[in-house]
Amino acid sequence: MRPSGRNLNEMRKVTIETGVTKHAEGSCLIKVGDTHVLCTATIEDRAPSFLKNTGLGWVTAEYGMLPRATHSRTRREAAAGKQGGRTVEIQRLIGRALRAGLDRSALGERQIVIDCDVIQADGGTRCASITGGWVALRLATNKLLAKGIITSDPLIDHVAAVSCGIYAGQNVCDLDYAEDSEAGVDGNFIMTGKGKLIEVQMSAEGSTYTRDQMNQLMDLAESGIAELVAAQKDAIG
Amino acid sequence: MRPSGRNLNEMRKVTIETGVTKHAEGSCLIKVGDTHVLCTATIEDRAPSFLKNTGLGWVTAEYGMLPRATHSRTRREAAAGKQGGRTVEIQRLIGRALRAGLDRSALGERQIVIDCDVIQADGGTRCASITGGWVALRLATNKLLAKGIITSDPLIDHVAAVSCGIYAGQNVCDLDYAEDSEAGVDGNFIMTGKGKLIEVQMSAEGSTYTRDQMNQLMDLAESGIAELVAAQKDAIG
Amino acid sequence: MRPSGRNLNEMRKVTIETGVTKHAEGSCLIKVGDTHVLCTATIEDRAPSFLKNTGLGWVTAEYGMLPRATHSRTRREAAAGKQGGRTVEIQRLIGRALRAGLDRSALGERQIVIDCDVIQADGGTRCASITGGWVALRLATNKLLAKGIITSDPLIDHVAAVSCGIYAGQNVCDLDYAEDSEAGVDGNFIMTGKGKLIEVQMSAEGSTYTRDQMNQLMDLAESGIAELVAAQKDAIG
Amino acid sequence: MRPSGRNLNEMRKVTIETGVTKHAEGSCLIKVGDTHVLCTATIEDRAPSFLKNTGLGWVTAEYGMLPRATHSRTRREAAAGKQGGRTVEIQRLIGRALRAGLDRSALGERQIVIDCDVIQADGGTRCASITGGWVALRLATNKLLAKGIITSDPLIDHVAAVSCGIYAGQNVCDLDYAEDSEAGVDGNFIMTGKGKLIEVQMSAEGSTYTRDQMNQLMDLAESGIAELVAAQKDAIG
Amino acid sequence: MRPSGRNLNEMRKVTIETGVTKHAEGSCLIKVGDTHVLCTATIEDRAPSFLKNTGLGWVTAEYGMLPRATHSRTRREAAAGKQGGRTVEIQRLIGRALRAGLDRSALGERQIVIDCDVIQADGGTRCASITGGWVALRLATNKLLAKGIITSDPLIDHVAAVSCGIYAGQNVCDLDYAEDSEAGVDGNFIMTGKGKLIEVQMSAEGSTYTRDQMNQLMDLAESGIAELVAAQKDAIG
Amino acid sequence: MRPSGRNLNEMRKVTIETGVTKHAEGSCLIKVGDTHVLCTATIEDRAPSFLKNTGLGWVTAEYGMLPRATHSRTRREAAAGKQGGRTVEIQRLIGRALRAGLDRSALGERQIVIDCDVIQADGGTRCASITGGWVALRLATNKLLAKGIITSDPLIDHVAAVSCGIYAGQNVCDLDYAEDSEAGVDGNFIMTGKGKLIEVQMSAEGSTYTRDQMNQLMDLAESGIAELVAAQKDAIG
């Protein structure tokens, strides 16, 4: 029995509300159960300097968490004077994931920055950031296409992510915080709309796992990601 | 004519939605026109060390702005490695303002941290933070009272704030960004529910003003703050 | 009775010695009672980048305190690795105040940096910094005029500042440290030589005040600032 | 054809020299081809504070790279004033990997710090750090056992790591820098001596992959890790 | 011919004014020509933790330079967010020098912090800091003796410092900035009142020197330091 | 009797192995007894900006210590977020020393960076860094000469360094850690191959010394440096 009463392969309820901030070129508020992340896309006219004169574009991401997104208050990273290791790791992952679905040549020499800010956390914030971040990216690139600034679509496919793990001896999909903090083995699975893999990060804390278990979790992830992609399609209309 | 078409003494529409995050002891999302600030209150069992064995409590505040709360993207302070001067100044102001309405002895040796995070900015974010921050503080202290952890109310009165200034030669109430960026003189006025003053910060950028003009702006501020206090009362029921 | 034995409206003795350091384009040591601040002005050939090609100049300020300017030793900010919130707030205030008396177009695209370093502190260091900083600025702009680098005077009027507050139930002018640390209400008042207001920052710590009280303090401030402006005139000859 | 002329499933030559520094409780210099990493283990009498009174121990890791370990000089992180995102990510991975093979209760309330410093880099430094770090950890725990400070072995099994990827359309084992910088898909595989999985991190940069491809790379990794475990056994005698 | 017209072995005029700040336990303003350094001594009740329960005391120093102490403005280290290498090197030297003349057992488990802040710089600021810092230390220890907090004098002898170098092919004493910036060889010599050596730092920038030249500079230094010690004696009365 | 059993004037065994890392333009591992330092030279096409259009080159140095180079583990400076005062002092010394033997005009407008990383420490790491750093510099400049990038040799002479001090009342050459931590007086002596002096840093911690003692230590240093120069000659063949 899962703490939330969900079935083993059952995702939390997913909603994606777009256009939630008037300034950003693309934005959405994604809710995966009680995990709420605000994702915005900013189009910048210039690509990073290492791409100068290559004709290629870039997508990067930054991740943050409001201090009271968590059960007890987390120290504000701006006050601490640096981003923690976990933050850095997550934002590198989000950027890498979104670039895997990107035709950098179609984007041209510009950069899109995806900001993912966790308003409320209940497990799976990095996966929600990727899934919501893709929607913000989609909306921003739509704007570039609509204005004729670019002429071919730089997004090859949907990108979405889910975490699955072994909780209380059973394989479960879309771990919430209660499960995540107990699971000895869990993984983040990032895939395209067509089911191709982009990134798998599956780790054990004080434990190990077999290839069989890994394959079972990947089966769960595939069905979860199909649901997330459907929610993305609903959101962008 | 104001850019928004408002009358000179007309506030923007104010809404305060409470209970917006499940973890915080008190929370609200205050919207003053297009300025949206998420305010949360965290109760900590210990007061700062300078209050040890005094029996007195403390309220402090932290302020942040999501990178794309602004028209063009603002660099994330956590990435920059420090809070800017403007941020530090604002969060000190919020804390000082809320403490002015506090009976520190009734609160006892504990601290309440008010986090004000700007989701969307359109001028007046520090005033909205104070007005919303007081609601979060009210809800958190209500919880302490309801649980019997404290027995007399530590909040003496409402605390709310509004900015007024001289825009295009005319005194206007509740400046939005379009007005704020043009006004040569503007002030932030913080008052209690009974109309007592807590803080006045009135400055001229490349300009000066007279005591008459100051008094006229204070008249505008008094009426604006009365509206904000009414909105606070609605919100806390 | 004030700790210093002064009358309620009595300023401390003010002296301003100019030319105290041979390198700076303008300098003075201002003493307001036991508060001693060394103010220097540095002329830089370039304005900040946001003024590029505008023909406008800029005045900015930095503030520091020697570690043993205070009763017990204060940690050196350079060793702590950052400027504290109080320092940042004060130096922003000094710069804003001095710019209010500045004709930026007459200055042309250059910057003058005012450094205010507190040698000994006894309350009112930010006000002394503004009053002394203006003298350093005056001397530096005189040099620009004398050399024919600029041809019309960029300083519109004197700028000076004083703090007034409510100490032991009475309105007093020019608070020293003994009064400042006890006063529940105090304000910093910045005015021009002609008595126009530049900035008012009046705050209550754990208290409130009325508009009547505010007006009484402003009356005190006006007479105190007249004395400071007289001292500035003496200093610059 | 691989740049090095190796067969697709061929590891680089692996040597592990132990006892390379006289101060550390355990140390080795691991060479995987031209990638050379110095690994040291430091035993600390105290566990991190979050383990106080739990009876459990901890293993953590830090990673660094000498400035000229790389083809062109990399800026020294101590001079830059912070560890970069890549460094933080890698040292978190090393620590997590080594803890997966650890019986924290057998170790008792103490901490072992594994320092992995790259002397020369040619791809696969994080994998070499894990494989060599385990040897340093083994030697340090042997010392604790020999001295009778602990009585049962806290190391459950060997831990080793290898990277495999798709280079020029073919699955290859143990990527060197020339391959790594070109591979669109690559993964780091961490396993125990008995072939159980600890962590899989498989990512695509601007590309995707299938589950079939993932399984083929895992087959390669299994054989590579068997070689590494054999080298570890040789080293510890 | 020296730029200042001084003879080869001629010191600049030295004055040491004591009691220049009312808060410090000891203070002086030392002027060596146009080099002016404010030195203060702060007595702290506790020694650094590495001396706990040893009965021994400590003297440490911090060094700073006001931004406009120099010909062109130097960036404020507090704003830069760290003390530069030169600052760190100098303050370590001052502390080491003053400790060489200290009976740490007579001082007992307390610390005296010497702050040396350069008000105006014209070469030789580290030497002036040592010479003036010793006077501040002397005054502070006198206070401890007068109050009976310590009963035997912790200062064994005077400590003073001078720089000598080879300028335009000739050995000169007490280099000013004009000489210092041109000298290929120069040294800082720190001695006691009785002429014992504490520290010699003699370096060549893009040049070398012989033992003969070194001995000649040390002769110059001995006579210069005798003058400085006389000035110290005058100052402390 | 010295702890190591050496004679008073006896150096530790010195070996210098060149070509130890494949990427650097010059490299060596210098071992002075149990002190082991890896020195690499990196040639950069551009000189520092202050040399722009002067035709002159520059040599600079950075110094680091692996965390477990020391008896107990030293905190990693990259993790601490800054280089300590000792590190900064040492790397400035190394750079200054190597520049003293440099014909900057023959080097032309380029920079050579010498990285000295202590693998194992047993006293005298800064001296070993200078002696080994010169070898790395020699190899890198040889490469520039061999390629015809420069045509006249920018190295005027060998540069080497040794520490001597007074241990247990006797003058000893090449202090190891056991001696260094007890010596009240010690100095670092840097000389050229022809015996000219470059830098002398001789200090007393809680003690003093005479010119006679200084001269005796310099005699010891001269003979030690002759041995080091011979080892450098062997190494570069």
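By letter and in written order, the chains are A, B, C, D, E and F; residue numbering begins at 1 in each of them.
Throughout what follows, a contact is a pair of C-beta atoms (placed from the backbone, for glycine too) under 8 Å apart; a residue touches a chain by one contact, two chains touch by 3 or more.
Note that the structure is a prediction, hence the values are computed from the model and not measured.
Common neighbours of chain D and chain F: there are none.
Chains that count as touching both chain D and chain E, per the definition above, are F. Ranking all chains by how far their C-alpha centres lie from the centre of chain D, first place goes to C. The centroid of the Cα atoms in chain B and the matching centroid in chain D are 51 Å apart. The distance from the centre of chain A to the centre of chain D, each centre being the mean of the chain's C-alpha atoms, comes to 28 Å.
Listed for chain A are residues 81-82, each touching two or more other chains.
Moving round the ring of chains, first from chain A across to chain B, one meets them in the order A, B, C, E, F, D.
Taken together, the chain E residues at the contact with chain F in this complex read 82, 85, 88-89, 91-92, 96, 99-100, 102, 104, 187, 192, 196-211, 214-215, 218.
Contacts from chain F toward chain D in the complex involve residues 21-24, 27, 34, 38, 40, 42, 44, 62, 64, 66-73, 76-83, 87, 113, 115, 117, 119-120.
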